Amino acid sequence: MTNDLYYANGTEVQLFEWAFQQQMPVMLTGPTGCGKTRFVEHMGQLLGRPVVTISCHDDLTSSDLVGRFLVSGGDVVWNDGPLTRAVKSGALCYLDEVVEARHDSLAILHSLTDHRRTLFLDRADEVVTAPEPFMLVCSYNPAYRSSLKELKPSFRQRFVTIAMNYLPPEREADVLVAEAAVDRAVAQRLVNCATTIRNADEVFHFEPPSTRVLVAAARLIAAGASELEAAHACILAPLSSDGAITEGLREIAAANLLASDGSHVQSP
Amino acid sequence: MTNDLYYANGTEVQLFEWAFQQQMPVMLTGPTGCGKTRFVEHMGQLLGRPVVTISCHDDLTSSDLVGRFLVSGGDVVWNDGPLTRAVKSGALCYLDEVVEARHDSLAILHSLTDHRRTLFLDRADEVVTAPEPFMLVCSYNPAYRSSLKELKPSFRQRFVTIAMNYLPPEREADVLVAEAAVDRAVAQRLVNCATTIRNADEVFHFEPPSTRVLVAAARLIAAGASELEAAHACILAPLSSDGAITEGLREIAAANLLASDGSHVQSP
Amino acid sequence: MTNDLYYANGTEVQLFEWAFQQQMPVMLTGPTGCGKTRFVEHMGQLLGRPVVTISCHDDLTSSDLVGRFLVSGGDVVWNDGPLTRAVKSGALCYLDEVVEARHDSLAILHSLTDHRRTLFLDRADEVVTAPEPFMLVCSYNPAYRSSLKELKPSFRQRFVTIAMNYLPPEREADVLVAEAAVDRAVAQRLVNCATTIRNADEVFHFEPPSTRVLVAAARLIAAGASELEAAHACILAPLSSDGAITEGLREIAAANLLASDGSHVQSP
Amino acid sequence: MTNDLYYANGTEVQLFEWAFQQQMPVMLTGPTGCGKTRFVEHMGQLLGRPVVTISCHDDLTSSDLVGRFLVSGGDVVWNDGPLTRAVKSGALCYLDEVVEARHDSLAILHSLTDHRRTLFLDRADEVVTAPEPFMLVCSYNPAYRSSLKELKPSFRQRFVTIAMNYLPPEREADVLVAEAAVDRAVAQRLVNCATTIRNADEVFHFEPPSTRVLVAAARLIAAGASELEAAHACILAPLSSDGAITEGLREIAAANLLASDGSHVQSP
Amino acid sequence: MTNDLYYANGTEVQLFEWAFQQQMPVMLTGPTGCGKTRFVEHMGQLLGRPVVTISCHDDLTSSDLVGRFLVSGGDVVWNDGPLTRAVKSGALCYLDEVVEARHDSLAILHSLTDHRRTLFLDRADEVVTAPEPFMLVCSYNPAYRSSLKELKPSFRQRFVTIAMNYLPPEREADVLVAEAAVDRAVAQRLVNCATTIRNADEVFHFEPPSTRVLVAAARLIAAGASELEAAHACILAPLSSDGAITEGLREIAAANLLASDGSHVQSP
Amino acid sequence: MTNDLYYANGTEVQLFEWAFQQQMPVMLTGPTGCGKTRFVEHMGQLLGRPVVTISCHDDLTSSDLVGRFLVSGGDVVWNDGPLTRAVKSGALCYLDEVVEARHDSLAILHSLTDHRRTLFLDRADEVVTAPEPFMLVCSYNPAYRSSLKELKPSFRQRFVTIAMNYLPPEREADVLVAEAAVDRAVAQRLVNCATTIRNADEVFHFEPPSTRVLVAAARLIAAGASELEAAHACILAPLSSDGAITEGLREIAAANLLASDGSHVQSP
């Protein structure tokens, strides 16, 4: 356990180190908020490398990644983009939610993810060979079943895939105590509530609550909210697209958490 | 009751203060015209922070939010956008109707809404860490059942959700009296008319009349219009896409309001 | 009756004045060519305010409304758009056929149409508060049944709705006499012909002939055309997408109007 | 009959003159190649006004019509577009195949086609009132039955509609003799062939052959081609999308025209 | 037979010369690789005119055809495009595969293809009248049965259509001998193979092999490949979208061509 | 066998040399990761020509290929793109995954792939004739059965097609030993595992594992991972869009590879 609060869940640290040692790119998969971003930050600390994070989205052009020409002092000067800066400085370059990117923007990554480890800046007529410690890390959430976009098989085959998941309940409660300074009993009740909902996932068909929303609820409790108030605002309302809380969710919360008067409906 | 006429409806002020204290972003949900914009302005006054409002729409680019390069005196100079200005000044930044925004524009908010509280200005090669009082507030109206756009679950999970609703009738009448200077009896008849229509919502399937349109009708009455004239122009006609008023709505209005001759059809 | 030939049809002048007095925006609805544009010009004269007209269309950007940066003398200078000029000069700003506009362009109007009465020029970093006489007027023709676009309910609720319609036959004939200098008998025959077609609208399912096309036909008659020639060219041919005149329309025209030899087929 | 070879077909010259006298815009309808462009050129000569022709297409922006800012000598200068030049010079402005234009580009014409006769150059902040002889003329071919685009009824109602058609056979043969210098007998055989095909139009469902293609065939004959060769290349092959000539068309041609050996298959 | 290896197939040279003499534009139709490009080059030599070739595609703008403004030395200067250069120099301007062009780009050709023979450079405010020898030639392959695009009938009617096709077998073999220097026997076997496949076209439903691919196979044979190897790589594999060769094609090739050991499977 | 580790699989080297000698373009087809890129690099070494690689994607414009104007020192200067540079330097120009390119971008290749061997830089008004050793090589993976894009038949007919495939097992194991320095036994087990999966392809309907992923797994094993760990991360997880490994794949891997304890489930 390190001081930046990353809690390893399995063999992900070992696999990441092997890939780093072999200069191979890594693809992280797992549900929203299970700690992918923190894992990359943790590995950056462990390996002594800076992390350059790029949030992918539909409108990210390859120019946004590699750089562009800008006018400066009446002249046109090339400005490196974050990917180029990451390559040149030998950083860990983290493309968050890579499946959201325009797929044509990803073509620029091909020569970086095979034996060439090279970035071709065609517009600047420059070729950058990645230094040894440079590493490309991508992530995406395969649980978006309805997503219209999919990564191409030939793209996925370029990466060492590391599958991540939620922490086991005890470890997840540790995180809540450490990050929100709530009592362990509160933390465990929140984790129990989340676990019940995650197991009911197949019934409800929504994105299950992440560790992130549990931390948010715990912080609201630390600020003075009751457990039920915090769970409604941070865990239950975001689960539905209209913010309304269904009866089933309400019952799960009431069975696991304390109301504002401290009362507790024990599930029979 | 404050001097800027915001009428709290439940625990929303308390929840907002807890989120502010914990530096967590807030998502306001509720029907059109129930007072979300006024609530944010009210909280800005209460917390002593300026409010920067951005109306979201389909064409809002991330450059519109964070800033862009502009030519000035022959040189290219970076100009902060309203989001960047709000972050730097520690303001409440209010993204109104966030569901209308191009979703790729929202990716820029990710690093602002988790533990990093940081805005990455990749094009300007600048990183802005939000000062303590900065707070991001978003709103959307989940009642648009036909909307093709939906916020991604992982996006909703980044916020403390505060669900808002219409004021109770007595409070709503208070607002009409205070804002349009009509008699309390007039105000109550308008609120009764709106409440009847809102309850009939399931039959009519339209966006129910908001407090905003009641204030508009009250002001037209204050200017000289009869109650029915004002209700036709401000409450009933906007309910249908062609401005025509259906028989059912006409009967509801006639049963609740005074005609220009002061007559009143009492509902049996 | 004013000297600019606007013929009031009901309470529209009174409602417009009340809205102006209360600083509320107005939405005009009604069929094509029933006189919405003239009504706004008439109210501008009556209230002593200039009118700024903007024809809305699919390609109208918010920059076209509020302004943009232009290069001048090597520097970049902000140029106000017609909406900004209208706000600053306290004019009546008339958005004709607002339903045709790109809906994202309309978001810029939100802060102008509620209690704020403010225009946010984010790109110029300027905030313009509307002076007292500024008034926003929009219009659209709800009779386009097949239109794919619809105004959002929350947008319609921001306006006082004034429903307009064709003038009564006598008033419409007055307009023809005044504008085209034809005999009153000619004018009445043209109005009778139009009224017959409008009543047959449910059978033919087309946009009924407007006062505008009657004026056009009257002017062609004044220039020397026979009544039937003028009606064919100005009233009947534009009713069908291919300019061909159906038998039914031909009969209606023949039954109401004089041929070039002055003969008249009286309907039995 | 003028020396520019325009052959009037009915009352179109008279109607056009009345509209010009009354300063009303004109819409010409009729099949491809029936002489709309020549008619406008003819009227320009008759009325002593220059003609500015604009071929409409999907990509024609309102800037292409009214003008745009261009950089010149380091400064930005407004350049009038062809529509603005036509308005200022009091020309006949002819928008050919107006139905092909982006409909948002047509909104700029609204204020030119009603009582205002004014062109608003919003970007240049200039208002141009049309001088008396300025006249707007549009044309489209309503026979494109499969066209996805249609002119809006409210747009069509702004024009005096003049329906044009093919010349009667004798007049059409006059045109062939005058333009291609072929014998009258050759001209009449070509016209007979075209008339037979036009009458068979309902069977074949294609755009019937225009006067233009008859002139083309006549010119090829004048250059040395046989009548059948010329008809195949200029009249028959363009009728099908693959340039192949069907048996039915081949028979019609053979029955009306001379082969290269001067032989003639007389229809029984 | 000229020294640039064009082999006339019928009356196409004569028709082209008549059209050139009459200053009429020509449309070439025919299957891929039947020699349209070479025919235009041949006619350029015969008529003593330069040929300007423009390959049409989806993204070809009218600016690409006529020219655009470019910044040079701080000033904005107009640069003629290839079409404008062709018109001014009286060249043959060849638009290859014109059906692939954006149809709005083709509107610029209207005034060049009728009696006006004029190019309107609206943006440059320049009018170019074509000199006598200028000629516009377009081509397209009507055999693309699945093409979503079609040339408009009114566009096709502007051209003299010259239908081209494959050479007769003896002439095609002449081309192979002349261009690839293979024995006449080899050439004839390749032509026989192609003819068999072309006749089987209705069964296989693919683009039949062109003279171009026969030349390619012959050149590979001249370099050392066996007839079957060359036919597989140049004739058969390109026929299917996945490069795989079906059994039927394999049999046709084996029945017509020699294997690497010189053996020959004679069709029974 | 050369020192850059290319293992020839059939006649591809010979065919490529013949095409190079005849100055004909080559199209490589075959499954992902079967060694197309390495083959081109190998041929570049063998023929003593530099290789210019361009990864094709949806957003690749013809300007990206041929070059564009850039502002430099206040003036506009033409900059050659990678295709133009390859032509001028007589390189092998390799367009990887050409089917992904916007097809309109490919039109620029037409004149390079027929007898003209010429690149038309219309915007720069320059014509570049390819020197003798210049060669165009394209590749695509026809196994993408679901691809919406297909190369046009007339485009495919411009190339000598060379079909590539996986190496035979023994050769593939040679590659793993040489590139990842694993024992031959390990290499053979990985190849056996891959071969089993490739043969099961018809059942699973996914992109089969490439030599590339076998090398990746071998390198992870060399770094310390067990065979099963490495196969899970590099071979199995990338096969499904959600990174989850199906039971069938798990059994194949377990039957072929050693677990972390060195145990081996021998298939019965």
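Per-chain numbering from 1; labels A, B, C, D, E and F assigned in written order.
Note that in this section a contact is a pair of C-beta atoms (placed from the backbone, for glycine too) under 8 Å apart; a residue touches a chain by one contact, two chains touch by 3 or more.
What you are looking at is a predicted structure, and each value in this text was computed from that prediction instead of being measured.
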item	value
Least hop count linking subunit B to subunit F through chains in contact	2
Mutual neighbours - chains that touch subunit B and subunit C alike	none
Rotation, 0 to 180 degrees and nearest 5, that superposes subunit D on copy subunit F via CA atoms	120
Proportion of interface numbers common to subunit E and subunit F (over half same, under half different)	different
Per Cα centroids, the chain farthest from subunit C	F
Rounded Å distance between subunit A and subunit B, as computed from the means of their C-alpha atoms	31
Intercentroid distance (Cα basis), subunit D paired with subunit A, Å	62
Residues of subunit D touching at least two other chains	71, 74
Category of the chain touch graph - line, ring, star, complete, other	ring
Ring walk, subunit A to subunit B and onward	A, B, C, D, E, F
Residue numbers on subunit F that touch subunit E, as the complex places them	11, 15, 18-19, 21-22, 24, 27, 29, 61-62, 69, 71, 74-76, 102-108, 110-111, 114, 120, 122-123, 125, 142-143, 150-151, 153-154, 156-163
Of subunit B, residues touching subunit C in the complex	32-33, 37, 53-60, 64, 70-74, 79, 81-82, 96-97, 100, 141, 206-207, 209-210, 212-213, 216, 219-220, 222-225, 229, 232-234, 237-239, 241-244
